[in-house]
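Two complexes follow with chain A in common, the first pairing it with chain B and the second with chain C.
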Partner chain A sequence: MLKEIIKSLLPFFMLAALYIVLAMFVTNSYYQLIMTLVIIWAVFGLSWNMLSGYTGLISFGHASFFGLGAFATVLAQVNWGISPWIMLFVSGLIGAASGLLIGMPTFRLRGHYFALSMLAYPIALLYIFQWLGYPELSIPRVLDNPAAYMQFSDGRVYTVIAMILLFVVVVISRIVEKTRFGMALVAIKQNESAAEAAGINTLAWKLKAIALSGAIAGMAGSLYSVVILVITPGSVFGMLTSAQALTVSMFGGAGTLWGPIIGAVFLIPIAETLHAELGNILPGIQGVVYGAAIILLITLAPEGIYWKIRDWLKKPSDEKDAPQENADITIVPESLEYTKRPMPTGDIVLSVKNMSKSFGGLKAVQDVSFDVTRGMILGIIGPNGAGKTTLFNLLNGFQTPSGGEVLVDGVNMVNQKPHVMCRAGIGRTFQIMRPFKRMTIHNNVKVGAYVTAKTEAEAEEIAADALQQVGLSSISEKLAGGLSTKDLRLMELARALAGKPHILLLDETLAGLGSSESKEVVAVIRKLSEGGVTVVIIEHTMQAMVALVDRFLVLDHGEVITEGPPEIVTRDPRVIEAYLGKKWVTDAKN
Partner chain B sequence: MKYLKLKKLLSTSVAALAVGSMTATMAFAAPKPIQIGLIAPISGIYARPGTVMKMGAELGIIDVNAAGGISCLDGAPFELVMIDSGDSVEKAANAAQRMVADYPDLIAATGSYLSSFTLAVTEITERAGLPVLTLSYSDLLTSREFKNVFQTSATSGAQAEIALPIIMDLAEAQTGIRPKTVAIITDNTAASLSSVKRMKDGLLADVGLELVFEEVFTPPLADATSLVQSVRQRRPDLLFYLPTVISDSKLILEKMKEFNVKVPVVSFGIAIAEPEVLNTMDAELLDGVMSAVANWGSKGQEDLIARLKETYGEPWMTQNAISTYGDMWLLKAALEKTCSRDPIVLGETLRTTNFGPSKYYPGGTLSFDKTGRREGASLTIIQWQNGVPVTVFPDNLAVAKPIWPGAK
Partner chain C sequence: MTETQILIESILQLLVTGVLVGALYGLMCVGLAMIFGIMRVINFAQGDFMMIGMYVTYYIFGTLGFNSIFGSLLGPYLAVIAAAPFLFAFGWLIHKFLIGRVTGVASSGLDGEGHYAQLILTLGIALILTNGMMILVGADLVSVRTPLSSEAWTLAPVAEGPILIFFNKARVFAALFSGVVIIGLWFMIQKTWMGKSLRAAADNAEAAIYMGIDVAKAHRFAFAVGTAITAMAGGLLATNLPFTPFVGLEYVIIMYAGVVLGGIGSIIGAFWGGMIIGLIQQLSTLVLPTQLQNATIFLCFLLIVILRPQGLFGRNVERT
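Presenting the complex of A and B:
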């Protein structure tokens, strides 16, 4: 594992060594400073990437951690004579703690709401530090043994210190990327609901991510204050500081450790050099550079340079793969005809009692009760708007019921979070597919495997096994982004399977499929059922379902209208009425 | 043929020799200029005072060079290196980094108007061993045990100490009543905060003033309504106002007029006496407003003030012009003593030598104590009278008599 990580970082080590060698030839103290700042901003960018790049929760407020680190370092030396060598690590702890403090309330919000709330923290801190009477602070100069206070007359020493910090942060980032930590974060980014359903405790992972991210930012801020000597609330908590982290990361490419490094190496020297050379003629030229960079980026490479180049390099090989795709179907449906099998008569694994949910005056689900015995395939059908998906959301914790119970193996699990339900053995897929598009099929499924897997190797194995079961093994290294609807459905199925569920909730798995595709998927589901998995499947079309299920539960207007084996239910006038209207009931009889 | 070639060779060598010796003489005639840095804001909200500093520096350099440059360095002339410190502390620090990196030949620098900027700049110049003269006020500048910072102005605290009793006496002499209460509105720049700190640390009590209202704001101010409303409610006898941005200084006076608040305003610093103030304000509105400043064009400098007006169109000479002008003469005096292009030697000399009475800074001598404060530094009090801010204190520099705003 470690070997692999080191191997994957070889290009970084070589470039870093080259950079240090280059830095040794720089004699102009200002350019020495820039060479150090490039690295510090890269570290800060990586900190941003740790949270926002991997989870997709855009933070406009990373200056909070950076500024706290910077102020802690300077204040500790001014007031207590504590060396920045110590404060570098203390700032990491402060950053982590503030990350948790900020994360706990803020992670309740998503999307733009999260981004905007994050903006508030550095602004508040800026005013707090001004109010505390720190319009500006500088690192006191130490004349006796300056090295003990991280003070060196040669600016190149700072470049080396910064590079060591970057080195550590890069290795940490790569470890995160390669383990379930990173997988969980990327899954959250791609689709938080799916991640929850796949058994990921999203809040816990997000808190870990913001703590780690805060720690890195705090250390970056600490080192920044040492090399820049003078800090103000505006310079470390200001909007531009947060923007700096965001700009270098987005420019280089968010979600990869290369992004912030590429961004910092490109943008910081350009901006600083322009500022140095033209600053007195064109004040604010730095801002113009960042602005132009963002505009170029959004038009040419919205995901950043790294991804653009990667896509560009990968394209030819993808095209080569394409013709193979059709040849890859390994599951040949054994029998597409309806073969009635004996009704399973095991114990009851899932029991729903008096489940209700209202949205204001609308009763989406009313008093629904049913039992599911081990190994059966229960089909829940009903016209659009009957309350089928709501019922599923209530079953696995995405929504809170207004009343009722969900007994899983006899234990009441009502009101539990989705990832808890997942761990209890309830897997689910979504009506609207929720793939992690930037990940390979294999990794999509692997995310689901972390629920039970203890080690990476075990997760790999489970994922491979799940892919085997649905017949996607041969295309497992393709990115999920380019898959057909059928393959996506199968992939979602595999992801749910990777959690080793006893009960699978499938939400309109057959929707949008042609009849032959639909038959293939039905065959897979039936095979799973034969392997011992209990299946509850929602569908509003009946044809394919008749060939699949052991029993139907029919919903209309949120209520159970009937329940029973397919041959009886399909002839039930109430069912026909619910689907087709009263007129057809009489026609159907004839 | 051979002869011809030889002749040609000879003549070429002679020509080359001649050119060589000419260059040598020219080099002898024009010694390498001595670079003086001016690091001050010439962009952003503080651009105006920085630009005026540049005018002062340019005039000073013209005059020093006209007087023969530094005679013991072969008459080497001064050369100004202008560095924009921008409009924020971080830009100023960055500019200082560039200054010490890109101009290794600088012998000294002067700057940077705002104390906050000077604090940042000197953190860097001190480490580089570059002597810096400054007209900034903050006491903090010379409380850091730095060796190469030389504060030509009286510090904020010292200015408040000198100015407050004078102001109190003036009020009492012209109105018959000694003010009892004061409101303070200040921005959060280092110089302003230093003044206010000294006032609150006993100075107000010493002169018998009670602080009834205090507000600190971050420049630039967007709206002064609430500030002026508060002043109106508290009805102080005096308002001390400490802005550093010109627009802030105008805003409060305009609002006071709008709300018809007639409290005598005493300012600290030059922002309220810049010519720009008149662009949007009636001279009448300003009449009587006083300000304590470290230095101002005053009696005996009429020629210089006229030249400033003629060259740059400046209607009057603010501290930024006169102090920076004076800096050039102080540097000349020091260099004439050291006869060296080494900044370290210059710093040592400035620390240890008394160059006699001060001509271009009010009060005291051209010598610095061990913290870097100019010994005996005093201030000037200026007052808007008939559309011009004129020096009214000290008497030997005053061009007009002070008039208490409420006494008319």
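Presenting the complex of A and C:
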């Protein structure tokens, strides 16, 4: 594992060494400063990338951590004579702590709201620090043993210190990328609900990410204050600071450790040089250049340089293996005619008691009760709007019921979060498919495997096994983005299977499939059932289901109308009425 | 005057100022709601659109001679009206050449439905506007000078009592002005074809397309109107607040706080949201130092989005 990480970072090590060698030849102190700043902003960009790049939750507030690190470092030396060597690490702790503090309330939000709220923190801090009376702070010069206070007359030393920090941060980023940490974050980015349902405790991972991100940003801010000597609330908490983290990362490409590095190497020297050459005549030129760079980028390569180049390099090789029909699906559905099998008579694994849910005045689910015995396939049918999906959402914790109980193996699990339900052995697929589009099929499934897998190797194995069961092994390295509906359904099934569920909740797994495709999926489900998994499947069409299920539960307007084996339920006039209206009941009788 | 009287006086005074300032904030928020509520685009540059509106008003008033033609009483308000078409055109162009590329139909293939791209793009526009304006006009404080800003009506709520409340004339006119604009906008949205298309496009853009509504055009119109309205609020604000090119950022937060408070998608809700923000800002000075006035707003904003992200009038439905 570690070997692999080091190997994958070889290009970085070589470029870093080259950079340091180049830096040694720079004698002009201003250029030395720029060379150091490039690295510091790259570190800051990586910190932003750790949270926003991987999870997709855009932060406009990374200046909070950066500024706290910078102010802590300067204030500690001014007031108590504490060396920046110590404060560099203390700033990391401060950054991590403030990350947790900010994350805990703010992670309740998603998308737009998250981005906006993050903006409020540094601006509030800016006002607070101004009010505290710190318009400008500078690091006191130390004459006696300056090195103990990270003060060097030779600017190249700072470049080396910054590079060591970057080195550490890059290695950490790569470890995150390669392990379940990164997988969880990317899964959150691609689809938070699906990640929850796949057993990922999204809040816990997001908090870890923001703590790590805050720590890195705090250290970057600390080093920045030492290098730049004078800080103001505006210069470290200001909008431009947050924007810089985001700009270098987005410019280079978010979601990869190369992005912030590429962005910093391109943008910082341009902006700094312009600032130095034209700053007197055109005081805002730095901001204009950043703004223009961002706009140009969004119009030409909306996802950043790294991804643009990668897509461009990858394209030819992708096309080669694209049109390959799933050769290994050998499960030919034997007979899809109505084959009656003996009703499983095991113990009750899932029991729903008096479940209700209302939205305002609308009673989506009313007093629904049913039992599921081990190994059975229960079909829940009902017309659109009957409350089927809501019932599933109540069962696996996406919504909290207004009343009722969910007993899993006899334990009441009502009101538990989705990832807890997943751990308890309830897997789920979605009506609206939720693939992690940018991941391969294999990795999509692997995300689901982390629920039970202790190690990476075990997760790999479980994923491969789950893919085998649904018959997707041959195309497991394809990206999920380009799959057909049937393959996506099967992949979601595999992802749910990877969590080693006892009970599978399948939400309209057959929707949108042609009849032959539908038969294939039915065959897979039946095979799973024979393997011992209990299945509850929602569908609003009955045809394919009749051959599959042991029992039907029919919902209409949120209530159970009837329950029983297929041959009886399909002849029930109430069911015909719910589906087709009253007229057909009389027609059916005649 | 007793201490109680002083306290009552300052509370009443802050309430009055809060309502007057709040009416102006409400107008800004309505401008943003046209963009954020209808298009669901976070526009970071909205504060800078306001800033541009302030400078355009300033130059129409001073350099174009509205001051000498119409005098310093009527001049500022005519300058605000004259600035609106400029900003409408400005917003229209920004949408046509920049925003339109990452919103609506164009955004469907992008990461996170284009939200990334929209946030970053408007951030870029904001940076260019702020810093570009600084290059053009410098960072000195300027204001649209009207004698009204230093004049006030006084009111003694208790007859013969010592309590006196001041109504700053510039603020009163600004508040009345925003009231008129909002009523006009409300009629436009409720009664005209364009207004109905806007509401349809806001409710469900895809369905609106199938109903034969040109959503892209409706969005562009909304964006331009939103820009013009916020800019008018800026012009009015300029009559009682000296400003620099950096004025935009803190108002962005005020505007979003108001819009979110009012409930996304509700134009009139945004006005009341802005009004509440104005009151909070003023009343916070009772217990907190003035420098922390804006920090209070940010705190309120955080509380609102965290506790009730659907706003006071909104509904939150998530589909799985």
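Here is the rule we use: the second predicted complex is superposed on the first by the 575 of 590 C-alpha atoms of A that agree within 3 Å, B and C clash if a C-alpha of one lies under 4 Å from a C-alpha of the other, contacts with A are read in each partner's own complex, and residues count from 1 in each chain.
Just so it is clear, contacts are C-beta pairs under 8 Å (C-beta built on N, C-alpha and C of every residue); 3 or more make two chains touch, one makes a residue touch a chain.
None of these values were measured; they are calculated from a predicted model.
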Touched partner set for A:K3, first chain B, second chain C, both or neither: neither
A:L246 contacts which: chain B (first), chain C (second), both, neither? second
Kindly classify A:P302 by the partners it touches after superposition: chain B alone (first), chain C alone (second), both, or neither? second
Going by the contact rule set out at the top, does A:K454 touch chain B (first), chain C (second), both, or neither? neither
Comparing chain C with chain B, which touches more residues belonging to chain A? C
Looking at A:A276, would you say it contacts chain B, chain C, both, or neither? Reply first, second, both or neither. first
By the touch definition at the top of the document, which applies to A:Q130: first (chain B), second (chain C), both, or neither? both
Where on chain A do the contacts with chain B and the contacts with chain C coincide? 130, 283-284
In the complex, chain A touches chain C at residues 56, 58, 60, 105-106, 108-109, 111-113, 115-117, 119-121, 123-124, 127-128, 130-131, 193, 239-240, 243, 246-247, 250, 254, 282-288, 290-295, 297-299, 302-303, 359, 389, 393, 398, 430-432
Interfacial residue positions of chain B with respect to chain A in the complex: 42-44, 82-84, 86-91, 93-95, 97-98, 100-102, 116, 119-120, 123-124, 126-128, 144, 146, 188-190, 193, 218
Going by the contact rule set out above, which residues of chain C touch chain A in the complex? 40, 42, 98, 101-102, 110-112, 115-117, 119-121, 123-135, 139, 245, 249-250, 252-253, 256, 260, 289, 291-292, 294-295, 298-299, 301-302, 305-306, 309, 317, 319-320
Applying the document's contact rule, which stretches of chain A touch chain B when the two form their complex? 28-33, 130, 133, 135-136, 138-141, 153, 228-232, 234-235, 275-276, 279-280, 283-284
